[in-house]
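Chain nomenclature is as follows: A, B, C, D, E and F, assigned in order of appearance, with residue numbering initiated at 1 for each chain independently.
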Amino acid sequence: MESIKLVAVLTIICTVAGALLAVVHDVTEAPIAAASVKEKGDAIMDVLPKCDNQPVKDAITIEADGTSWSFYVARKQNQFVGAAFETVSSQGYGGDIAIMVGVNADGTVQAIEVLLGHKETPGLGAWITGDAFRGQFTGRSIADTHWAVKKDGGDIDQITAATISSRAVTDAVQTGLAVYVAHRDRIAAVRE
Amino acid sequence: MSELAIVSSSPHAHSGSSVQRIMLDVIIALVPAMAAATYAFGWDAIRLISACVLACVASEGVSRKWMGRDLGVEDLSAVITGILLAFNLPPSLPTWMAVVGSVFAIVICKQLFGGIGYNPFNPALAGRVMLLISFPVFMTTWSTWGIPAPLAVDAITTATPLGLVKTAIATTGELPFTFNGATALQLFVGNQNGCIGEVSAAALLLGGLYMLVRRCISWHIPVAYLGTVTLFSAILWLHHPQQNLNPGFHLLAGGLMLGAIFMATDMVTSPVTKRGMLVFGAGCGLLTMLVRKWGGYPEGVSFAILLMNAVTPLINRATRPRVFGAVKKKKA
Amino acid sequence: MTPILTTALTIGGAGLACGGLLALAAKFLAVKEDPRIEEINGILPGANCGGCGYAGCAAYAEAVLLKGAPINLCAPGGAEVLGHLADITGETAKVAEHKVAVVLCGGDVSHAPRKFDYNGVADCRAAHATGGGDKSCSFGCLGYASCSHACPVGAIEMVNGIAKVHRDLCISCGSCIRTCPRHLIKMVPYARTIHVMCSSKDKGPAVKKACKVGCIGCTICTKLAENESIKMAGFLAVVDYEKDLDSDAVIEKCPGKCIVRI
Amino acid sequence: MGASTANFRAPGGIHPAYHKDLAAEQPIAEMPLPAMLVVSMSQHLGKPAEPTVKKGDTVLRGQVIGEAAGFISAAVHAPTSGTVKLVAAVATAAGPRATAITIVPDGEDTWVEGITPCPGWQTLDKKAIAEKIAAAGITGMGGAGFPTHVKVSPPPEAEIDTLILNGAECEPYLTADYRLMIEHAARIWEGALIIAKALEATTIRVAIEDNKPQAIAAMQDAIPAEAKDAQVVVLKTEYPQGAEKQQIFAITGREVPCGGLPLNVGIVVENVGTTLAVWEAVVNGLPLTERVTTVTGGPIATPGNVKARLGTSYADLVEFCGGTSGTISKIISGGPMMGFAQPDLACGTTKTTSGLLLLGPDAVQAYESMPCISCGRCVGVCPMKLMPNELSQFLEAEDYETAEAYNVMDCIECGCCAFECPAHRPLVQHMRRGKAQVMLIRRKQAS
Amino acid sequence: MTFYKELIKGLWKENPIFRLVLGMCPALAVTTSVENSLGMGMAATFVLICSNIVISLFRNLIPAKVRIPCFIVVIATFVTIVDLLMNGFAHELHNSLGIFIPLIVVNCIILGRAEAFASRHPVFLSIADGIGMGVGFTLGLVVLGATREILGAGSITVWGDLKWTVAGYEPMILMILAPGGFIALGCLLGGMNHLQAIAAKRKGTIFTPPAHLDCRSCTLCNLGK
Amino acid sequence: MTEYVLLIIGAVLVNNFVLTRFLGICPFLGVSKKLPTALGMCGAVIFVMTSASAVTWALQHLVLEKLGLGYLQTIAFILVIASFVQLVDIAMKKFAPPLHAALGIFLPLITTNCAVLGVSVLNVQLQYGFLKAVVFGFAASIGFSLALIIYTGLREKIDRANPPKAFEGVAIALVTAGLLSLAFMGFAGLVK
């Protein structure tokens, strides 16, 4: 019968396709997982001070103001040297901006990294990923800095014509730092 | 052989109007605003206006030549595009950017469609918006010149009144100044920051009056536009006076007058029927206020007009007049 | 192995479900329709030139099947399409003779001047309706290229102010013939190359006044042409395309120089 | 006497320069017989008449030389006595060729026998009136030249209550109707009564624009006592108040439906000249062999209103008016808004030749047309409320279907749109061609 | 040789982007840089070749009525494979191409080639077609991507750090935003048409620019007819 | 409530599917010759996109995720969408022939319309709940329709324009779409 043949062909093709995909999935599962872990790990390592542990694994989750924060702890010779955390601003020009912030043990920023996936405008807001903008956060702490862009009377140089993005990053970093400061002891106490 | 008689289809009489004459009238109407611009911004105004006009006329001539068409600059419409584009630029803009905008306006927005009459979008506005998006830094850097408070903090301003309001509302949630008779006068005569053509509402209104008298424009679009803005801003203002300035401010600040009088009225890109013009003007008004109040930009005139340009064919279609005799009337 | 199996089964099941559903739907909800319409539509060239007399290729396809329209109406499609149509409909194919359009006027700007200064729409039909057209000859080609615009394949070129058909590009759709307000264009067998390039019905003296290459009705050609293949229609010599004509004599002897080979 | 005046206007319209002063005060002058008359068989709307004479025949004035070829057609009569010199196709004023009969007058101007005056027309019934009008070959003298006997015999289901006499003469330059109203007011009124009788219409209105006070006064004074409901209506001077649909709307507020006729709203409109011709035909029994034509324009030496035989060549008319001075750039048969431009002065007058207008270079420029700049002026002035800008573009693109949907067939070719267009677009020409093309398509679909 | 002909036709004569005007969504969306264009192009090429092979192999077995669902399943399979592979081995590229990888499934070119070519031709020709069209598509994307990136960002990024920047250039951001995509493609297309017209004139033939966007070259539906 | 309003404004104006997200360009360019045709397409798209959002959401959350087969998204979605469209086609032909005459020719085209698959994938990526997914699908299709209708009006004007030979047809249509998209940039920032 005609229609049975139709159904049969379609079913067979689907089954074969399914099997094939399962195989490929099987093969790529590990690399994909590794790639996303590495993606994160790379970002974390980029912002942390030199350390000899594996911060991705030394993580602690802290609940603050209704959000949960993951802190990745860096140690050198078993000494707490700093931590990295991801902070997200929903005030970006194009939507959420996720930033990886690395702090030293003394609470000063080691470095920040804007994570992929932000939707700021190329050529404008996207400059928040540039060294010039990110660089100015290094060395700042919650206390010694007026956490606002210059336009709003603060200390951070905004990117020209991208105040919104600059503001978003600034706010996000500040919020994260505050959480860090508040919970520094718990974070520093993390052990493998 | 003697000259041959001319044979053409009727009518054999003509009102004597011509495109060139209309365009010349518009240029005349733009003179007061050009004077005001020169008074306010001096050399920069002259520099930008001449750069834009030259670039527009030249690119029109060159592109038409290149397309194998007759020169077509004598209708003067490119001159208007040039002046109006310049009017929409901040005084400090580098000359080369003005030239890029002019070429974009004339070549991409006008000549690619076949030249005058065929362009669906207002070339000068498309040029401005292209520049605004391409070079936001330059397009939002305002000159610093002495302007009395309240339109400027400490007598020097680097922002337009609308920009001031927008940032103030966004940061402090309060209005930066109150709007009173003095502020209105300041805005009206042109003591404010902004694009070179939009500083003086008075000069623009004068030009508009001239165009009305010369029948270059009809009252429908400007009135509907300004009326809708007034209405919309009045509602907002009455609803929440702490967050919204009163309608007078919205009317006088920014590019509204320039847009309503000179740019929304561009006949090529606006509807042909009177009813359509009213719809067009009202649409511009709504969109302008939408952007001013909730949008990412402090000023929405350019976008509003461009968006309404886009729906103009639909408006024309929807507001087709009822043909005489279309409804069967039996004996009265 | 299990995950692979699950996956295969899931997708296979989805395929089964979808396919089954579609098959069922197709079976129970089917609406009858002659599949040949589709087929014919696919075979027709899709130029939508209207030469067949229908609103376009799709309309013709329908007409062939439903209204019994003759299958040899699509000139652009030629023998190939005809063959296919014959196969589908089961009718016999009678290949029409290959014909091309020719503009029967040779009075270009250098031969037939303008009689007034026409100021208006550059369209032959419009010009013809305004003071009868500005050409000195009231029958000749006006040169405003309406036929050229009407031609779906761009086979008509304006040369020196009159229309010329490129015979090898012409697909004999007849669009130009329907357009020309002067009725100057005729469909003639491709094999025929000798034409009287004039359509003026005026008497000799009037033609002479209007045009340097007009037919003055001297009847010389009718005598020279073999087997009466040129006849007089009033004051105009007309080629009878049913009969053979291959004589250089008529071309040479025509005092009006209006018989040419193209 | 219900004689009162009122001021009305219809939608749209323009105010061209009128130039009526050139010929307005020139009384109607009778032109002597020219050396030759070329009488076209296509004098009217509908089928051309069929010639009933051949070369060499002698004819008498008023003798039928062309028979009506069907119902919507009209007979043509010899304008004078003489010999037929030629029966051949010649170009008409409107362009296309049509058969014409060339008559060389014998100078006697002998009337044919059988002319029967009928001063007591009141006893005639409507059919008899219509027959007399048909026999006289009368066609509309104000516009398209529609055979008048058709108009006065409406189908029985149409109830005509109003007859409007069109004395608007809204075309610039032309003054023929104006002179007729001043000089023959009483006859025109009587003609109106005749037509009203044929139509069984009870109301008669005479429409005159307010720039013709003398004509208004003359017509007002001549309102006959026996007319029950007769009035002169003064219209605001605005082109095209003379167009019947607009005029009907201005006077009665009735809108003639799209594609409809005045009789659909119970009205018949007749030109005052036509009415006078009806009077001549019924009361004096005379067929239509002459008409008044305004010969005017800058280059004409002495502009005037000339009563000339049908078939008088334009050249003879110009000669009668003292010839020309200066360059002639345009020769127009009719008025400047709706008339036909001529390549030369060869044509002969017809029943519809209301004017012959010559324009010098100062009044004419050859225009380059530009793309439409969508200024909307044409939309504003179109008395039919069409969108000429869009229509012309559809027609340029040969999109006849859309053009038809946009009511191209309702265009009355008044020329207001093209008059106003700053881009000098040949809008009316587009409409003309479009209408012709749509008619063609419709006819093809019908068959 | 036909194989050769099928192989090169996609480069110019039947270039999917500039001549056939197909697959516009990815063409506009991912061409903000050369790198993305290349990635997208290669992904699509891979899918195109694979699906062409499979469909050509089984073309006589697939009943006409379910051919579209079958083709789609085949294509979707390869798309998912590319998706997975890219996610595993070219993670960053995968991130920046985003949603447009799964959308290769509905890319008109691939289904169009399956329907118009692979289902009617033997395998080796279908491979040629796949390579040709794929490379043509990639080429189109790269040209567009390069134009947009140079004008809009003042740089050319071929892969990762292989990048040139035009010094002192003030980039026209518009070009890498949505409107710039449309305008750049429109202008490039116009330019190509112009070249084509010049070439045609030299050869003495007539050239008409593509006037139809209604998928004429794709026979999936009858809309173009 | 505001959330949904913003979602709709965002999908219709700010991130218009066609003009800023570049989804569904083929039908956008292809079916914009005449207004009636465009309206038919809009009707079909609105129907299909809304229902496809619902169906694929259910598929993803009730089947694929439950089975841990998230990576089969593409193939499963397209299979279901294609069958669904075809089913609608058949059913419509049977039960509503006039509607089929009006919309039928567009249905096959919609199968290969990336907007439909796009909206399904986006619903998953953005982790919308069922209601939100359906509203998003609806709003996106409205956005598509809005752009298509406006564009069709423009196309009718452009078709009567007089571009240079090389730009006739597709090229000028694209430039027009670009300018329309430029105008739509004005909505930027209305919704984050």
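The criterion applied here is as follows: a contact is a pair of C-beta atoms (placed from the backbone, for glycine too) under 8 Å apart; a residue touches a chain by one contact, two chains touch by 3 or more.
Bear in mind the structure is a predicted one, so any value in this text is a computation, not a measurement.
The chains that touch chain C as well as chain D are B, F. Any chain that touches chain B and also touches chain F is listed here: A, C, D, E.
In terms of C-beta pairs in contact, the better-connected of the chain pairs B-E and C-F is C-F. Note on chain placement: the centre of chain D and the centre of chain F lie 59 Å apart, centres being C-alpha means.
Note: centroid distance chain A to chain B, computed from Cα atoms, is 45 Å. A straight line joining the Cα centres of chain D and chain E is 67 Å long. Averaged C-alpha coordinates give centres for chain E and chain F that are 21 Å from one another. Annotation for chain E: residues touching 2 or more other chains are 65-66, 69, 73, 76-77, 80, 84, 171, 173-174, 177, 179, 183, 187, 190, 222.
The multi-chain contact residues of chain F, meaning those touching 2 or more other chains, are 71-72, 75, 79, 82-83, 86, 160, 162, 164, 167, 172, 175-176, 179, 182, 185, 189. Among all residues of chain A, those that touch two or more other chains are 6, 9-10, 13-14, 17-18, 21, 25, 93, 124. Interchain contacts (touch definition given at top) occur between A-B, A-C, A-E, A-F, B-C, B-D, B-E, B-F, C-D, C-E, C-F, D-F, E-F. By the touch criterion given at the top, residues 3-15, 17-19, 21-22, 75, 114-118, 218, 267-274, 277, 316, 320-332 of chain B touch chain D in their complex.
Across the complex, chain C meets chain B through its residues 114-121, 126, 129-131, 134. Those residues of chain A that touch chain E in the shared complex are 2, 5-6, 9-10, 13-14, 17, 20-21, 24-25, 28, 30-32, 34-36, 38-39, 116-117, 121-124.
Looking at the complex, you find that chain E touches chain C at residues 65-66, 69, 73, 206, 208, 222, 225. Contact residues of chain C toward chain E in the complex are 15, 18-19, 22, 26, 38, 41-42, 46, 57-58, 154.
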